[in-house]
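Presented sequentially are two complexes of subunit A, the first with subunit B as partner and the second with subunit C.
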Partner chain A sequence: MTIAPLTSPPAHAPAQTADRPKKGTWRLVLIAALLIYIFIPIVGLLRFSTRAANGISFQFYRDAFADPSFYSFLGNSLFAGLWTIAITLTLTTFTLYWAYLKARWLLPLMEMLSLLPFVVPAVTLGIGLIQVFTTPPLALTGTPQLLIGAYAIVTLPFAYRAVENSLQGANVLTLTEAAESLGASWWRIFIEIILPCVWSGVISGGLLVFSFVFGEFTLALFLVGSSYQTFPLYIQQLYSYQPQYSVVMSLLSFVATWLAAWLLVVFTRGKN
Partner chain B sequence: MSLAIKPTRSFWVRYPWVSTALGLAPMAIGLIAFLVLPILLMVVSSFQTDQGWSLNNYWGTMRGEYLRAFSTTLQISLVTAVLGGVLGTLTAIALAWGTSSPNNGLLTLASVAANWGGVPLAFAMIATVGNSGWVTELLRASGFDLYKQGFTIYGNLGLILTYTYFQWPLMLLLMLPSVQRFRQQWREAAESLGATNGQFWRWVAIPILMPSIIGGMALLFANAFGAQATAFALAGGALNLITIKITFLVKGQTDFNPGLANALAVEMTVVLAIAVIIYQITNQRARRWMR
Partner chain C sequence: MSYLELVHLFKSYGSVMAVQDVNLQIPAGEFISLLGPSGCGKTTILRMIAGFEKTTGGSILLEGQDITHIPANRRDMGMVFQSYSLFPHMTAGQNIAFGLRVKRLSHGQQRIRVHEMLELVGLSGMGDRYPHQMSGGQQQRVALARALAISPRLLLLDEPLSALDAKVRLQLRNEIRRIQQQLDITTLFVTHDQEEALSISDRVVVMSQGRIDQAGTPEEIYLTPSTAFTASFIGAMNQIPGVWEGEQVRVSAHPNTQIPDEFLRTQTMEISNGTNVLVLVRPESITVLRPEDSIPADYNLLSGLVTSRIFLGSVVRLSVLVGEFYLNVDVPTAQAEQFTSGQVVQLGFPADQCRVLAIAPAAPQSALPHKQVRSVV
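Moving on, here comes the complex of A and B:
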């Protein structure tokens, strides 16, 4: 971590900081404190998972990754994640384009969706969904379909932010009118003109959605429980009988989240 | 007269709202099935018991352990919102006013920490300040026993410590835009009028940033109030929080009582809605300074 450049004075305003030589200290302390707060628990995971009678051992890593059930849970999470990405992003991209084109009054309403997770947290949505989907015509409780459907709704805000950002940059209306006057069909306009414009938004949205699904616990517990076990459910159950494996998996989850965030930065930087 | 001329797309031209509605239908159906219907059903069945319509579920939530759960959740959410809010705001100021552009790596790390909560975080905290966590043992070796002082990671204080892990960086990310758009000219203006550093903070910086700070804290409050995974993994049923109570009322064998769970969830939704409305109002006020 490079802390030094954070506290050096900005290049364009030297006069401002010149007469305040001691201002940098509390800043440095605060930023260092945040970094320490973030990393100390990670060190805890590392130490717990490598602790052995005679020093350090990576035996738990080997064993945890050799366990075939790990791959089945990981597979379940990957399956749910990829389907959620496909549904959420298709739905968001198409609906946003349509709203831009034909129903601009909808945009502020869709913007409100981004506050949805705060008003309707996973617990609330979970108990609502299990009551809707237990009666026979809609008996989906325990199936991955229900979980994926719920994830598709919960991740709409992530997808919305990302796609809307790139849609704003492109002049959708003009592009559509130009293509239309040349005789292109709506579908062709959407696939060949609009989609390439928002591709970077779709990729960032996909990363956000995936990183959410990969760590989501509450909805999985409520909706599918033991009948379709996802990776976070596995980490939680493992803890009671094989805590070291569970801690190895927790570390893996941190690395995966960090990797997704880093890829996100790379993609958005490439776009600008 | 001109009936012979038959335009090819007459239907779509004559009824433009049909195509608009058709295009929006998939999203609308998804939202109705997976969001509106579940919440409606939750609200309706919260007013129902075996004997028909009644408020019994709500009376049930207003006594004993459920009332205590409500007040514990409220207290913990308030404490972590203020703690995370103050730390996050100060860190945002430290980052934005000290440099030309905040370090990208640090912001990525903050967004990871803000989003990573849940089960893995609970286990990371146990491995760190649990009874045999590495920091606990380090302190014990240097003569300070956290657990003899009454601390436990499985209690309310432990939960506050754990929630701060994501609340602090979340507030940093929420505050950064407003802090970055705070013009340094405002400080210069205050100084050229003879304001001291203290006066600058008291009369300029804090009033301008206050709407964003309150809004951010309202979101942090909602974030902690609705959180379940971290607390559930940390202590199972030992923590007396609303979300934990709801979990056991719906998933548990002995406490099974969905009616009561629905009533608790409706009450929770009301609290969260108030927090989000406060965020919306303050956000609008904050934008006035950001043009």
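Moving on, here comes the complex of A and C:
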């Protein structure tokens, strides 16, 4: 017995094929709109910063990189960013690992607490911290320590979410027990077994934290102001008397953030 | 002297008693299975032995040493988990070598041991593969090799075959037994699969509601269950209620499907007259008689109505209504065609295949090796 070939498509097929290009077109339109929305301001900044009487010039870029204070402010932001990453990730990773092993009932509470920094506006947090840290023995206002401490609180949701997602997928309890039965100590298990399993989450969290700190303005203005100037404060300062330099710095800030986002994609691709 | 001994072991979670007064003695080199339904406490016992759960009461002795409060990483026990639990960022070889690194063996010694272990579990040449490049069965072999590499004092297997498909499960089951016998390592195997437990164990401990229900060799457990729970949990078992009356059991009759003399002949037991009992008989012990069959003198004869039939491969299981109860009867598939629903059949089974259990409330008990924990009185 042979099976007759299907000579005509089912009745509903033409309608389906007609729908497909329509959906595809809509997708393209949406993506194009998004790209225009993102890139028009950047193109504007780029054009503003390279405009010259005789066409295009990169003089502002050359001048900006030649300014020693640029490196000083960049260094301050990098310092604050790296310390914030270290503090936030250490706290988050250890605490979450401990909760996964010993107190899973705490996880919903921890999740709720981790979201609190989103609820409190930066201005409110800044003023509150100034109130507490102005008088001895906790007179820390104006010091990078206070700024880093505040950043560690504000960036908690980013680090928490990234690390928690990794821990969820890693079956940490069984891996810990397997390593324990082989004689490993708690530290060894954490460093050699758990950390490599959640590494992609730790890296993602770190990059998110860094992106945030690198562009944060309000807390820096309130807590340290001119005594410890970060990169966003430098941009704001430049804007008042050298707008083109300020635009150059804004573009650099964009590039740094995109670089962080790209690294994030590279590190998390195909994991978890 | 016992190699491993559990003495009055208790474990509770709040008001829930997970393990209640468990006593067990395991000689060196024995393969013992903890068998029972989900939530019966078998995994909790294993985890307490491994050191992952604290005991609420009692003690655990290994080679006479009390290890109840020793941390898990100092107990020197190899454990295999249901979910493989291989370290995903390490190759099979690195997984096996992990415990050896912890023990500070030299690189050369580690390499030799890893090679030996891979060979033992039939994975020679696969040491460079990562877990995600291996099948479930291969991953579990690596987990077994990793647990054995450190030459543990005790091998603990927590439902290691549950996540595997039927064919691999059977193959790995035999491999585990071969390796256990080859290394002569004392092994505790937790499973809810009775076939698994019966086929590879020296001794089976049947558990129910946190207690040991019966402990014995697979043959003892299967042929002479001492409780209604073990009888019903291990294989298919017909349980016919009746009353013990002078060496026989009176069972209730039904006008349509009669029992000729209302009495069943059973194994000889010491039971007081008038005691309510259960007569236990396996479906494979019951024969559907044909008119030309000669009937031995010690046979119980019953007639009943076939109500349904289930194809099980080599046998067809008939459900036959006899008196006020149903009996399951296994008939070889080749002979099963002649029996249809609604047909009246004659059943027969020998008295020595009928075990009798007095129906009595369950009482706390302990389990000792090669001893039935509850005698039928």
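Please note the rule applied: the second predicted complex is superposed on the first by the 235 of 272 C-alpha atoms of A that agree within 3 Å, B and C clash if a C-alpha of one lies under 4 Å from a C-alpha of the other, contacts with A are read in each partner's own complex, and residues count from 1 in each chain.
By our rule, a residue touches a chain if its C-beta (ideal position, glycine included) is under 8 Å from a C-beta of that chain, and two chains touch if they have at least 3 such contacts.
Just so we're clear, the structure is a prediction, and the values are computed from it rather than from any experiment.
S.K.: Just subunit B (first), just subunit C (second), both, or neither: which does A:66 touch?
M.R.: After superposing on A, A:66 lies clear of both subunit B and subunit C.
S.K.: One more residue to check, A:171. First (subunit B), second (subunit C), both or neither?
M.R.: A:171: touches subunit C, not subunit B.
S.K.: Is A:180 touching the first partner subunit B, the second partner subunit C, both, or neither of them?
M.R.: second
S.K.: For subunit A, which side has the bigger count of touched residues, subunit B or subunit C?
M.R.: Counted on subunit A, the partner with more touching residues turns out to be B.
S.K.: With both complexes superposed on chain A, which partner does A:53 reach: first (subunit B), second (subunit C), both or neither?
M.R.: In the superposed model, A:53 contacts neither subunit B nor subunit C.
S.K.: Which of the two partners, first being subunit B and second being subunit C, lies in contact with A:150: first, second, both, or neither?
M.R.: The first partner, subunit B, only.
S.K.: In the overlay, answer first, second, both or neither for which of subunit B and subunit C A:131 touches.
M.R.: Only subunit B; A:131 stays clear of subunit C.
S.K.: Can you give me the overlap between the subunit B contact set and the subunit C contact set on subunit A?
M.R.: Shared contact residues on subunit A: none.
S.K.: Note which residues of subunit B are touching subunit A in the complex, please.
M.R.: My answer: residues 16, 19-20, 23-24, 26-27, 30-31, 33-35, 37-39, 41-42, 45, 87, 90-91, 94-95, 98-100, 102-106, 108-113, 115-121, 123-129, 133-135, 164-165, 168-169, 172, 184, 187-188, 219, 222-223, 225-229, 232-233, 243, 246-247, 250-251, 258, 261-262, 265, 268-269, 272-273, 275-276, 279-280.
S.K.: Where on subunit C does subunit A make contact in their complex?
M.R.: 50-52, 71-79, 81, 83, 85-89, 98-99, 102-103, 143, 146-147, 150, 156
S.K.: Subunit C touches which residues of subunit A in the complex?
M.R.: 170-171, 174-175, 177-185, 188, 192-193, 196-197
S.K.: Show me the residue ranges of subunit A that touch subunit B in the complex, using the header's touch definition.
M.R.: 1-2, 5-13, 16, 23-24, 26-28, 30-31, 34-35, 37-38, 40-45, 47-48, 91-92, 94-95, 98-99, 102-103, 106, 115-116, 118-132, 149-150, 152-153, 211-212, 215-218, 221-222, 225, 232, 235-236, 239, 243, 246-247, 249-251, 253-254, 257-258, 261-262, 264-265
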